[in-house]
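Shared chain: subunit A. Partners: subunit B in the first complex, subunit C in the second.
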Partner chain A sequence: MSLLKVTDLVKHYPAGAGFFARGKEKVRAVDGVSFSLAAGETLGLVGESGCGKSTLGRLIVRLEEPTAGRIFFNNLDITALSGKKLRELRQKIQIIFQDSYSSLNPRRTVGSIIGEPLANFRIGTRKEQRRRVQELLEIVGLKPEHVSRYPHEFSGGQRQRINIARALALHPQLIVCDEPVSSLDVSIQAQILNLLRNLKTQFGLSYLFISHDLAAVSYISERVAVMYLGKIVEVIRSQDLVQKARHPYTRALLAAVPVADPRRRGERKVIVKGEPPDPLNPPAGCRFHPRCPAAAEKCRTEEPPLETVADGHVVACHYVKI
Partner chain B sequence: MPGDIVLRVNDLYTHFVTPHGVVKAVNGVSFAVRARQVLGVVGESGCGKSVMALSLLGMVEPPGKIVSGEVWLNGVNLLALSKEQLRQVRGKEIALVFQDPMTSLNPVLTIGTQITETILAHRAVSKAKARQRALELLAKVGLPHPEKLFHRYPFQLSGGQRQRVMMAIGLSLNPKVLIADEPTTALDVTVQAQILEELTRLKSAFNTGIILITHDLGIVAEMADDVAVMYAGSIVEYGPVLDIFENPGHPYTVALLHSIPRLGKDGKVLEPIRGQPPSLLDLPDRCAFRPRCPQAGRKCTGRKPFLKAVAPGHYVACHYAAGGRPAEVGLV
Partner chain C sequence: MNGGLRKKHGFPAGRIVREKPGQHPESAEGLVGPALQRLKGDKLALLGLAVIAVMVAVGFLAPYLAPNDPEKVVLTQKLAPPSAAYPLGTDHLGRCLLSRLIYGTRVSLSTAAIALATIMLISIPVGTAAGYVGGWVDNLIMRIIDVLLAFPGLILALVIAGMLGPGLLNVMIAIASVWWVGYARVIRGIVLSIKEKEFVLAARSSGTSHFGIIVRHILPHVLSPVIVLATLDMGSLILAIAGLSFLGLGAQPPTPEWGAMLNDGRPYMQVAPQLMIYPGLAIMTVVLAFNLLGDGLRDALDPQGTLRR
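Right, the complex of A and B next:
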């Protein structure tokens, strides 16, 4: 059974900040996205900046209102939940952001930050809350005495641990991780990736793991969804990513990632030129066609649907079918 | 193939005197760069790699100060030059491309003005000649429609285009050495791949020696001939790129290589480096990696280890590295 299911999700923003710009043009940040996430699964979401992956994450945790489409969580339509029902939902779906510093209140102690969700939802007595905070600190690898310290006293990696502890406080089922390791040092990224992996097994969590880093995404996820200009163009099992990915954009991404092996130097090829087009005005037909090395006439006019090419593998391309 | 040595750095120390103590950002760094060579400098944030780059150009701002060292370029020690003399060398002989092209370009001048200004400041050529050269350069770094771009402002360009403009400015005077400090970090991978390809092409076309500073081991593996691994202001390992990746000698390099996720090797569990990178404030005179090192032993409480040769051209600064004689200053 799927824990999270998203159908034809759309989010358009009015372009331009000014009053007069309203209603004229739209930024199509998320433009018809459907996928599902099983309980206990990690789905990676990759794509380049501006492809809409963060907006998609924010829609799922209901920080943004979708323009159209539906979001189901545990088979319940949560697209339009409000008030008390939405508050209840917030216990079950949490989010961790890239910037570990600005997501922590600098004037509050770590204990009060991690305990805030418990206080908010009036879970347990004060004493029980304090005990739970201590437990959470231990779970994420922080020390008991850190409880009375302030965020600025911690390094980036430790601050991300604080964010994770807070996200875990209410026993969520799903955590949306939006670039959680991108601003961390190389040696610290592995600490946080492994922590997230262990927490998942320990607490039966599911993650939507959003990142531009293909290697990190495939390390932590069972399946990877690739996004381009507001659309998912391919979903594939992580173990098949390198060998079996078929969408020309996925192949281009894979080819562009520098490989940490000097003997394989030169295998990296520039397959696509230029930069992603403006989401204000996405190309007709397949959105990738202006940069695609394999584009043909049909790609300019007709948008390819996501189609299953193998078990657990869907692709939206006219020319990669079996 | 790399050519003659174009830049030699001897025992460079750059410190920042702060109310809290002395920050030893660069702590005895020596290396050389050859024409058409890419020297990759890897390290994590705060390891001193960017301050090292600024030091080479004499661009360290107070309270930072180059305490000692020599930077030899064309038989001239840059650190012995006056400010005015340095200004003449900077850009012309040695140029720097930063990570963030938005803040290093002037927002109120057109792209064309910024490139021609650089050329006119150093070369006795006519405005028309400078303009022609600027257009050539824009085409050389792979920008389409140079004539159109010439009249645009930085905000009208994408991140990748701005980074190419920075490279065009960096190369406008055909410098002997180009320092690229995280030149692709803010860019998407497909754009990064194009910039890196351009850099490789330009190195041969212009005969330039490149110091490529990055935290990305993938980029180093793809681009560098030689690699310097920096930790806490010092080079802890230096050698040919194959040796560094296949036969790393310093425990930090080994640990770094084990801690990065690699595509296609998802089954392997990452081994993170425990603890945090050290503060550069009041660094003690011993191995800075000791608190995080899985192999730390009795010797490591002693004085800071010097680089010593473990193989030809391959140097490691570790008390327990197998190897013979210490590297002479300026040898690496």
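Right, the complex of A and C next:
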């Protein structure tokens, strides 16, 4: 049974909002996305900046209202939950943001930041909450005496640990990690990724792991979904990623991963040229065709549907089926 | 899933960890500590603060400091030069000028303070609502503010005070009803920028109510710029109230108020210029002191200069 299931999710933002421009143009941030996530699974979501992956994450946490489509959590339609039911849901789905500094209120102590979810749902007495906060701090690798410090006294990696502790406080089932390691040093990235992995087994969590870093995503996820301009173009098992990825965009992303061997410099072949198209006005047909090395006539007119090519591997591309 | 800690219900939501002031001097409330340090090095701001402190003390201690009853008319002593009984002389009705100045401090400062409090009481909820709720609420509030800002503030206040009739209370109402718009705008802007910060989103996703978000996460960030603005504005506020009183709309005789005293002294400017010089000096000193302190506070609390005009 899937823990999270998303069908045809759409989020359009009005562009150039104003009295005279009402309803004319839309930014198609997320434009018909469907996927599912099993309990205990980590799904990686990769794509370049502006492809809508963060918006997708925020839609799932219900920080943004979807324009169309449905979100199911534990088989319950949560697309339009509000009020009390939404608050109940908040306990089950949490989010960790990229910017570890701006996601912590600079005027509150670490204790009150991590304890806020507990206080919101009135879990335990103040004493119990305090103890739980200290316990959480230890779980994420900080010290219990850090409770009375302020966020600016911590390093980036430590702040991200505080964010993780807050996300864990309510025993969530799903955590949306929105580029949690992208703003950290490489050595710290590895520490945080390992922490997230350990927490997953320790607490039976599921992650939607959003990143633009293929290496990080394939390290932590069981499956990887590749997003391009508001749509998922390929979903594939992590262990198959390097060998079996078929969508030209995925191949291009893989080719763009730097190889630490100067002698193999010449081997990088599929390099995508140009900027991603304007999401205000996506190209007709396959959205990737203007930049695709393999684009054919069909790609310019007909949008390829997501089709299963192997077990646990779906691709949206005319070219790879031929 | 939420076993263990969830046994007991009904405990008030709130902070679990008490902040220990002084434990991290450089971080008390995150920002206030370094700000105070910066303020300590600013001599002009400290001078302003000292002058204001003296003025406030004078206002509070007026009955003990004033040598005479400020409203007692002694017609035999009118326009008297300084003497032992009347250190600064008397006005056209033989009232002690110094005593009137001292009591005037009380009237001017308290009127301005009450007007400011009223302004805050209006502008903070309105500005926060506009910024936080957004949509048509924001549009409506902002259009009203635009309309009010299109008129020169003091003239509009003059009209309102004129319609309500003379009196200090009406002047406060008039001033507050035009003055809140500027604050509401600034507050809305700050709320808009804070609202999109990720810690607010994180609070929302961990179940904090809108009220909790506003009180715990947004208003604390609104506070320090508003304090700066208010301090910088106190001078103009005092000036505006004195101005309206000078025009006869504010304090009514025999209430000692600086602006009204200026007006009272006006016909005798040539024979007894001190009647205008001393109240004028008093107004100038207070306004200057508030501006100096405001500048210092701005530099201390807002080193990035987001409020610089």
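Basically, the second predicted complex is superposed on the first by the 314 of 322 C-alpha atoms of A that agree within 3 Å, B and C clash if a C-alpha of one lies under 4 Å from a C-alpha of the other, contacts with A are read in each partner's own complex, and residues count from 1 in each chain.
What we mean here is this: a contact is a pair of C-beta atoms (placed from the backbone, for glycine too) under 8 Å apart; a residue touches a chain by one contact, two chains touch by 3 or more.
Everything numeric here is computed off the predicted structure, so don't read it as measured data.
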Discussion item. Looking at A:L214, would you say it contacts subunit B, subunit C, both, or neither? Reply first, second, both or neither.
Written reply: first
Worksheet entry | Partner chain(s) touched by A:L3 [first = subunit B, second = subunit C, both, neither] | neither
Worksheet item: Given the touch rule stated above, what does A:C286 touch, subunit B (first), subunit C (second), both, or neither?
Response: neither
Item to complete: With the two complexes superposed on chain A, say which partner A:I123 touches: subunit B (first), subunit C (second), both, or neither.
Response: second
Discussion item. Per the contact definition in the header, classify A:L253: touching subunit B only (first), subunit C only (second), both, or neither.
Written reply: first
Worksheet item: Looking at the overlay, does A:L229 come into contact with subunit B only (first), subunit C only (second), both, or neither?
Response: neither
Item to complete: Under the contact definition given at the top, report the residues of subunit A touching subunit B in one complex and subunit C in the other.
Response: none
Practice prompt. Could you please specify the touching residues of subunit B with respect to subunit A in the complex?
Written response: 44-45, 158, 160-161, 188-194, 196-197, 215-223, 241-242, 245, 255-257, 259-264, 266-267, 269-274, 276-277
Fill in: Touch list for subunit A against partner subunit C, complex
58, 61-63, 87, 90-95, 97, 99, 102-109, 111-113, 115-126, 128-130, 132-133, 147-153, 163, 166-167, 169-171, 173
Discussion item. Considering only the defined contacts, which subunit A positions touch subunit B in the complex?
Written reply: 48-49, 155, 157-158, 185-191, 193-194, 212-216, 218-219, 238-239, 241-243, 252-265, 268-273, 275-276
Worksheet item: What residues of subunit C sit close enough to touch subunit A in their complex?
Response: 1-2, 5-17, 19-20, 23-24, 27, 29-31, 197-199, 201-209, 212, 216-217, 220-221
